[in-house]
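A, B, C and D are the chain letters, set down in written order, and residue numbers restart from 1 in every chain.
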Amino acid sequence: NLTVKCRRSEYIEPKQPVFNTNSSFIQQDSVGAFTPRVYAGYTIYKGKAALTIEPKAPEFVALDSGAYKVSKEGMMLLQFAPAFGTRQYDWSRKQVFSLSISEIGTLIGLSGSDTCEFFHDPNKGKSDEGKVRKVLKVEPLPDGSGLFFNLSVQNKLLNVDESIYIPISKGEFAVMVSTFNYILPFLLGWHAFVNSIKPEDSVRFNNANVEWSR
Amino acid sequence: NLTVKCRRSEYIEPKQPVFNTNSSFIQQDSVGAFTPRVYAGYTIYKGKAALTIEPKAPEFVALDSGAYKVSKEGMMLLQFAPAFGTRQYDWSRKQVFSLSISEIGTLIGLSGSDTCEFFHDPNKGKSDEGKVRKVLKVEPLPDGSGLFFNLSVQNKLLNVDESIYIPISKGEFAVMVSTFNYILPFLLGWHAFVNSIKPEDSVRFNNANVEWSR
Amino acid sequence: NLTVKCRRSEYIEPKQPVFNTNSSFIQQDSVGAFTPRVYAGYTIYKGKAALTIEPKAPEFVALDSGAYKVSKEGMMLLQFAPAFGTRQYDWSRKQVFSLSISEIGTLIGLSGSDTCEFFHDPNKGKSDEGKVRKVLKVEPLPDGSGLFFNLSVQNKLLNVDESIYIPISKGEFAVMVSTFNYILPFLLGWHAFVNSIKPEDSVRFNNANVEWSR
Amino acid sequence: NLTVKCRRSEYIEPKQPVFNTNSSFIQQDSVGAFTPRVYAGYTIYKGKAALTIEPKAPEFVALDSGAYKVSKEGMMLLQFAPAFGTRQYDWSRKQVFSLSISEIGTLIGLSGSDTCEFFHDPNKGKSDEGKVRKVLKVEPLPDGSGLFFNLSVQNKLLNVDESIYIPISKGEFAVMVSTFNYILPFLLGWHAFVNSIKPEDSVRFNNANVEWSR
């Protein structure tokens, strides 16, 4: 059994409800078509807690050339809410954890009996560094039927010391891995690169490329 | 060998023929282009039965902000028809089974010698609860060449007690797993999220995001 | 070690050169944009032979409702050409083999030490049935560094009895499996289904769906 | 443990900075919409070096028929930069290595304890052949926590003999494999083939196809 440990600080730790719906999210694209914003998630409901996974889009900056590059990689937001009754969950008491690209990779590559632990400090590099400590631990269920996700949050600022556990079946974990594999290139902005490759343009750019490689 | 058992009730259990073609499915999109509806499936024909798998799209609701979110996850419909002659199948006697997202995940994650069983009651929570009982069992073929899919339906309302078996080769199962992996993010609506991420919009939204994360 | 054997007849066995470029392939789509046809392939060049894999698109039919469904599944065309000099291949003497959807699945699911064999008769069900016999055999290389692809063609009509061998490295086979996984849903037309799922339309269709499920 | 060795010459070995931003990359497509060029990458920062992976698009040529085919396969550019301080990397001293399609496949297919080595000579076939020799070696980390990437460059023209090492965690390697699997079909131009398959066109082409297959 292998244990993977990663330490990373989180600069942004969203505090909004599952889906933030405050602002206008209708966008008009360059042909005059509207691209409505769409929310994506996947929620697993269990006896003592619920877990929602939700991708957060990368951010881009425009370069002087008119091209774009990714300025901030996307991430996968995990939200854990405790149950307060049968299939009723208290999202106001939820605890959140943002998986970075390589942490997503660690989960994708996790094999049967592996355990992994991620350590985050949302205030890393700020005056409150060390005051909040989050640990996400993923380990096999004793009966081999899946994995345990355990998020522990120690918040000395709010005097909070909480731990939320949720068992994830092999099938649910396979869904997570499948969606992680799907979304990873998008979190890195590679879909936008791919969309910008067109046979018609390539022909035009060929000469330029030859010039440039000399 | 591991046996995975899942119990789930199904609220909607479609009764239509393989492809429902009653209504007009031409849609005009926002740039005035028509997006024709397209049916997708994959059918395996064997001596005693045929099995069709067919994805069912998720449903969305519009939010006040103009954004959309998934109101009902998609699913994978399995349709089993008994043979009544050489390569002739009686689809009027078909039995259907809708795989949920996590059941699809269970099949994706199934390794060589695993067995899994799913239990459904289409009338769960209604007055006829318990009257119809469906069990889908997937287990390895004795010679190791693939898997046995067995759908048993006990319907006390119609006095039906049927079982349809179909052997699925390793190659056919690999096709199922490949298409499941492809379609899973779409059944969760993640493709619509991805389509809504554009570099041009991101730049504009960046300021808003910074504001909002404070 | 497992040996998978499949027998299948081929109704269409293309005879054209690697890329058929006879006809006009510029298409005007519904918004007045032109969608140029694009050829896709992947060629492996070795000492005694070359192998090209090339996907063949599915065919669709329009239904009365305006929707479309797949009328013929796509396939993966394998073309084997013998070498007649250093990195020179005689494509006029090539032998071809069309992988069906489930045969593609068999190759995707092939593990290390497995062997598989596919038997095709392009004239199955015609008067010349049995006159042409094709066997594609895939087996591990003795040194474990990859796989041997061997296409044998016995053609009694042309008095041909040929066998073309090509060793495929693990890396090249991983490319084949990756492209097979990518293209499989497209060969089944599922990409067209996915493209027809839009949040805006879903909202409109919801009422209809509820009606229909009763 | 298996060692895969591949020898390949590289005709183009880019020398530009991570993202080339010299020229105007705004393109107007056939419906008058602008498709901005987008840069894609993934960078891993470690104590002694950083590694950036960045896909390079395939090139296409137009055929007389109006169709397109790939004239040059895409590749995956690896850029290694040595560290000169805490999280500071000297990109002016970077060494680059372009993975071909089958080399990408080799990395995708690499299992736990495998080692692989790729040998490149950027001047293969030119007068300076043999003057520059690059070796990329990928081998398991002794503690089983990931892989070692080691790029050695012997350049007799510039009197350079350098070696850059970077440890890659299992999670980071899973990200690489996931993005490689995503991008491989695009590097071969298969996305452009897929985009050119539309149900509406297929119906029109069916007759032509039947004609042509006779």
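What we mean here is this: a residue touches a chain if its C-beta (ideal position, glycine included) is under 8 Å from a C-beta of that chain, and two chains touch if they have at least 3 such contacts.
Just so it is clear, the model here is predicted, and its values are computed rather than measured.
Student: Over half of interface residue numbers shared between chain A and chain D means same, under half means different, so which is it?
Tutor: Different residues, largely: of all residue numbers at this interface, under half are found in both copies.
Student: Fit chain A to chain B on CA atoms, both being copies of the same sequence, and give the resulting rotation angle in degrees, nearest 5.
Tutor: About 90 degrees of rotation relates the two copies.
Student: What is the chain whose Cα centroid lies farthest from the Cα centroid of chain D?
Tutor: Using the mean of the C-alpha atoms as each chain's centre, the farthest one from chain D is B.
Student: Between chain B and chain C, what distance separates the C-alpha centroids? Give it in angstrom.
Tutor: The answer is 25 Å.
Student: Calculate how many whole Å lie between the centre of chain A and the centre of chain C, each centre taken as the average of the chain's C-alpha atoms.
Tutor: 36
Student: Among the residues of chain D, which ones contact at least 2 other chains?
Tutor: Residues 29-31, 36, 38, 60, 62, 68, 181, 189, 192, 199-200 of chain D each touch two or more of the other chains.
Student: Which word fits how the chains touch one another: line, ring, star, complete or other?
Tutor: Drawn as a graph, the chains make a fully connected set, so complete.
Student: Residues of chain C touching chain A in their complex?
Tutor: Going through chain C, the ones touching chain A are 36, 38, 199-200.
Student: For the complex, give me every residue of chain A touching chain B.
Tutor: Residues of chain A touching chain B: 12, 14, 16, 19-27, 29-42, 44, 55, 57-62, 68, 71, 144-145, 169-175, 178-179, 181-183, 186, 189, 191-192.
Student: Would you tell me which residues of chain C are touching chain B in their complex?
Tutor: Touching chain B: residues 2, 4, 6, 29-31, 60, 62-70, 101-109, 180-181, 184-185, 188-190, 192-203, 205-206, 208-209, 212-213 of chain C.
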